[in-house]
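The structure's right below; bear with me while I get my questions together.
When the chains are written out, they are named A, B, C, D, E, F, G and H in that same order, and each has its own residue count from 1.
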Amino acid sequence: RRQGLPEIVYGPGKQAGEIAGIVKVLLDRNDGPVLVTRVGPDTAGQVLAVVPGGRYDDAARLLVWRPALLLGFGVAVVTAGTADGPVAAEAAAVANALGLETTVIRDVGVAGIHRVLAEVERLREADCVIVVAGMEGALASVVGGLVETPVIAVPTSVGYGAALEGVTALLAMLTSCAAGITVVNIDSGFGAALAAYRLTRRRP
Amino acid sequence: RRQGLPEIVYGPGKQAGEIAGIVKVLLDRNDGPVLVTRVGPDTAGQVLAVVPGGRYDDAARLLVWRPALLLGFGVAVVTAGTADGPVAAEAAAVANALGLETTVIRDVGVAGIHRVLAEVERLREADCVIVVAGMEGALASVVGGLVETPVIAVPTSVGYGAALEGVTALLAMLTSCAAGITVVNIDSGFGAALAAYRLTRRRP
Amino acid sequence: RRQGLPEIVYGPGKQAGEIAGIVKVLLDRNDGPVLVTRVGPDTAGQVLAVVPGGRYDDAARLLVWRPALLLGFGVAVVTAGTADGPVAAEAAAVANALGLETTVIRDVGVAGIHRVLAEVERLREADCVIVVAGMEGALASVVGGLVETPVIAVPTSVGYGAALEGVTALLAMLTSCAAGITVVNIDSGFGAALAAYRLTRRRP
Amino acid sequence: RRQGLPEIVYGPGKQAGEIAGIVKVLLDRNDGPVLVTRVGPDTAGQVLAVVPGGRYDDAARLLVWRPALLLGFGVAVVTAGTADGPVAAEAAAVANALGLETTVIRDVGVAGIHRVLAEVERLREADCVIVVAGMEGALASVVGGLVETPVIAVPTSVGYGAALEGVTALLAMLTSCAAGITVVNIDSGFGAALAAYRLTRRRP
Amino acid sequence: RRQGLPEIVYGPGKQAGEIAGIVKVLLDRNDGPVLVTRVGPDTAGQVLAVVPGGRYDDAARLLVWRPALLLGFGVAVVTAGTADGPVAAEAAAVANALGLETTVIRDVGVAGIHRVLAEVERLREADCVIVVAGMEGALASVVGGLVETPVIAVPTSVGYGAALEGVTALLAMLTSCAAGITVVNIDSGFGAALAAYRLTRRRP
Amino acid sequence: RRQGLPEIVYGPGKQAGEIAGIVKVLLDRNDGPVLVTRVGPDTAGQVLAVVPGGRYDDAARLLVWRPALLLGFGVAVVTAGTADGPVAAEAAAVANALGLETTVIRDVGVAGIHRVLAEVERLREADCVIVVAGMEGALASVVGGLVETPVIAVPTSVGYGAALEGVTALLAMLTSCAAGITVVNIDSGFGAALAAYRLTRRRP
Amino acid sequence: RRQGLPEIVYGPGKQAGEIAGIVKVLLDRNDGPVLVTRVGPDTAGQVLAVVPGGRYDDAARLLVWRPALLLGFGVAVVTAGTADGPVAAEAAAVANALGLETTVIRDVGVAGIHRVLAEVERLREADCVIVVAGMEGALASVVGGLVETPVIAVPTSVGYGAALEGVTALLAMLTSCAAGITVVNIDSGFGAALAAYRLTRRRP
Amino acid sequence: RRQGLPEIVYGPGKQAGEIAGIVKVLLDRNDGPVLVTRVGPDTAGQVLAVVPGGRYDDAARLLVWRPALLLGFGVAVVTAGTADGPVAAEAAAVANALGLETTVIRDVGVAGIHRVLAEVERLREADCVIVVAGMEGALASVVGGLVETPVIAVPTSVGYGAALEGVTALLAMLTSCAAGITVVNIDSGFGAALAAYRLTRRRP
């Protein structure tokens, strides 16, 4: 186990049997949460049949055993459009399994700016905001100007043509005019959740 | 002269003498406006000394002879930040020389969303909006959602690192979640002005 | 609903049931046209079975309820080659559903320059021209020189190798030597239609 | 002033006179710190002559008036090599001016892994770590595995050839195998400092 | 046959019958090892049925006839993560068939730096090290600092988003801060094995 | 000397003395033309002072000794715009020094399609056409459709922003809808001239 | 029909019925050869059933009606490796159908330089050489130095990783150190054949 | 000092005084060679005035104190063209200072294939070959096929346009059809020399 961080299994390319084996070892080795990300429903079913006590989150494609107790740290996950939903679901479910309180605010893309403005209070009540947006990723800049707390931007591969499978949103978020925004990898709801979890870890 | 469009000289790489020669020919050949873009003050002075009757716009780096009469068509040019100023100046000055009424609304980048919201009325009063923004270019998406009229987005090379000399803003504007926005080349205030001018040309 | 623009549903990634639900809400909420883009024939059939009164355009892969009355604004959609057809169909059908009169001029790519020259009159009779071209996208430059009215260029992903899935046509159109051409995203017939629709919206 | 964040002036492209004017306005408008980034020593001298009470940090190329009181939040800034120094200096000086305690740990690039291992205690004592590295940016991954607290990675444009002016380090940090690392723009010590500052802002 | 190097058949795009034919010719033409890379199990079975005496390595997807005698030259193949396994298997199996002794050290990615440190002795006992890593490829830099012997880095296409199908790891390894590391093509376990084999060939 | 092709010296990075030395050797070694490309006027003067009998072409930045006799093979060099002039000059001067008859047709970019149409006869009278164009390079496609003879396209680095220093024109020419066009490197008037020269070399 | 060039149908995306219709029109409209490229065997069978008199070339995936009489112009098509075969087959078959004599020289990639050297005589006997090579495309440079006649390089998408689906070979061929080589699009055997055909067309 | 490798100072961005300071420390700390790369002649003079006993190599831009005794290991450094000279000089001088015997074989680019063939014996007599080539980098593939020993390819930034400042040569060398070639960073004569030095380090 790395320095304090929960060890999380990356599902793709692993068979149900392999996943089950790894999960068993991890459940034995320590007593915190154990997660497997990006698992399809069939594989999930097979793993749960062998390693009971877990729960499968369909939208997040996530398997969780022994979710952490809530830490009293609130994360708002905001999305620009419908298609950003699965990435937001992964972010929220992973964060939640690690003990963070999460709210998801959906479909407040900046082309209808009133939508995100209507959510300012909920955004400001969170300890940190995860912004999930594809295409031009402009939502991160607007949210970054609305809150003082940490903003973690997740570019998604939503869009076509000049969206370049998420590269455009990634570049745009990195060069956002809202100061102090940070960025994780394309479609990495997982990465954003872990970054949020790190916010709760302070020097002793 | 191409189909109805004013023939405009591109300054870079031409000597004062060459520019003066071309301008004289154009002034003789037709009777509309004659423009030279991207001219430095020294060259401009030399050209004006030889071909009198013109005017030099320092901020826009533009030379104009025989500006057109105003056509009753209003263009709002909006910028995200201070550094986008020169491109906006070119857009406004070229549009103006071609007979469009122009207003410039400065420094309303989306990291302080109240700034652009405070200008909604002026934006909606225009017949078209030219949005000039570098970095992540998010202003185009927000403006595109605020007005129904044509929006012409000009990405600028403002920014560093992941801004990739304007390519990020360009890609972001092309994949904007605000529908029906159109885009011109990086730093091309000229291109935006001509696109606005075309809006005034309808089938006879 | 955003500022005056018709709210159009993006089909990909949504099930027939979801689409039907969204369409019903939109039909209730306002009384203008309701569109769903990029829908396959099977999904379209299922949606129409649940939400009657709509029409499916096979070539455009578009569902339309309550198309707008014609506004007396004419759009010419021109294509370079056969393979650009589907994108042109989307542009024309969306524009038409929003109240624009559309003509499609097919297969006038510049390698046989007489083809586009033979259409100059029809091009000049339109209030705006949408140019749909892949590969090197040169048709946009030629058309931009033939008409004075707005030209909206749609690069397509037609071609292979150095065509880079539409990026080459996109870059070429952005740096066209024909002044005042504007560009939308690769394969976005939808974007071009909305840009054309904005041309009909003027300050009150 | 945006939502709680200090308004910081971006120096490049502005004359000493302009900077002085803006700084005066900002000093009047609120009573927090006022900063100007990326200022050369000559310009700095001229500005300070007009707007007294400020201090110039040569290494960071930063002007500061009214630095904030220390907030009791510690930031470790780590660099991979000598050439990453100026970016680290900007990060540390901006963070410090905003009230964060900063330590700089220099020249612990991973090609001599004992160097960073020798600093583990100091790294773990910080509330957050800013990793400044160019070339392949591998230091971020190693540090991310050594601490539980937030890690903000700043890719630098140090290197040549395949370093692609910082793009390689940027991409590498985004796809780091150390979970929950976040990334800011190339060479943006400023961005990292602001991200660190946001860590101190929690919901009220 | 090229200058001393074993002629190795590239499997993809060839039918079992074609492969069998080529292998027969090569077995006749010289008396060294004959290999076919990137062969699936079905094709392998069909080829072995026609050209007996060979052996199929499932993990490496490799067919070998007449493997070389061991040369007393040891290669350590190290991987960063589970998903790098197949590329490492190809490297090890090809190297082995050409007469090199190989050990595989698995799953010592730098996010848990103790893992690779625990293997320093085995790494230093090898005559050369092949580092197989995707994502940000940082393992190559760390290993390059731990051993004095030749380090051959193989970037893999493991990862998503900013990993750009191996390009990020490739660029990172090329610009590694560990001096004297060399790099082969993405996913080319084959290339690394041949490079290791060349290390055993010295001027006569 | 390579297979029948004139050995031509590449000037950049060589001092006048070095160039003079190489030219002398080449003049001695064979009796055909000797050329030095991309030489500034000062260097040229110094070289000619030492190796008399040569001629300097200012526009082409070319030094020539012993130009070839004309071979009765005609090349038309066409340019899109003024800024393409220097590349065209290099193409024409090199071709001419190698014995080809050259005509330059200037400034017939496709935004004013009548310009190139007015030159169809001259284009068809040539044995081959070299098309020199930057920006979107569309002229190559139009010329390719107007003549049956070989068309050699030279993309130039003329343009800004999305022109990407000639890469856009290069890609556009490679994916031209006019069949059988061939392309040389960006700004390589030299390459086009040599390709034209090869057209005169047939099997004996 | 364009200026003297045979009109050739591009198969992909067209149904057998559409192809048959187009071919019939073309057979009626003029009396030269009619070709359809990139057609699979099933579609070909269906087309030939409706439009008799044609011939299908399986390796080239080409349909031909009324091939041209031989013109006495010889083209050598050379490939680097087995996988370049299909592109070479297209080049040879199209060239042949247009009246050129073609020889294919296979598998002479430069890693075994004796292979191409063994073919020098056959290469020099041709009137032009088409070089088909993927990966690093080095064969074009070597052939360009061995013959004086026109060399048309066709990069192929053969290779993986850094081969970037043919882009590497394309760039390498464009910047070849062998002067006067020309290049066509990736995998475009068709483009090379047409370029060769143009070599036979001279001013009247 | 890292694991057995000589610690070499990177000159750019360091003042003469700083370099002198670092060199003194390194000369004291151990007793092997001390090198500074990429130093201009003026800086070199100033450093040598303060830290005597060193030697400056002008062509290689290298400072050396206490060069190593020769190890009996021979490196051939081959270049494609004149402009690759400085990179080759760096490779040879660094290798030499570390105790390797070096020969430089100049100007044997593949467009005149006889040149490299004339050097086969010298190439085969070396224990390893460093190939330095820009543009399309094809020399590495040919050399890789001529020798059995390790081949280290150094792409250079020589060339223009599609050479993309060395990226084309880099990609080409990575995807070379000559098996087992390894590659270092663009223009990194230093990296190649260190890779060659590692070849002499074997497990004890």
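Observations on the structure shown:
We take it that a contact is a pair of C-beta atoms (placed from the backbone, for glycine too) under 8 Å apart; a residue touches a chain by one contact, two chains touch by 3 or more.
Since the model is a prediction, treat every value here as computed from it, not as a measurement.
Path length between subunit C and subunit F in the chain contact graph, taken as the least number of steps between touching chains: 1. In terms of residue-numbered contacts, C-F and G-H present the same interface, as over half of their contact pairs agree; the other options in G-H, A-C or B-D do not. At the interface between subunit B and subunit D, two copies of one sequence, fewer than half of the residue numbers in use are shared by both copies. Distance between subunit A and subunit D, defined via averaged C-alpha coordinates, is recorded as 26 Å.
One simple way to say how far apart two chains are is to compare their mean CA positions; for subunit E and subunit G this gives 36 Å. Residues of subunit E found to touch two or more other chains are 2, 111-112, 145-146, 161-163, 167, 170, 174-175, 178-179, 185-186.
Here the chains touching each other pair up as A-B, A-C, A-D, A-E, B-C, B-D, B-F, C-F, C-G, D-E, D-H, E-G, E-H, F-G, F-H, G-H. By the touch criterion given at the top, residues 2-5, 8, 74, 124-127, 145-152, 170, 174-175, 178-186, 190-191, 193-199, 201-203 of subunit E touch subunit H in their complex. Within the complex, the subunit G residues that touch subunit H are 80-81, 109-113, 117, 135-138, 141-142, 144-146, 159, 161-164, 167-169, 171-179.
Residues 2, 10, 13-14, 155, 157, 166-167, 170, 185-188 of subunit D are the ones touching subunit B in the complex. By the touch criterion given at the top, residues 82-83, 111-112, 160-163 of subunit H touch subunit F in their complex.
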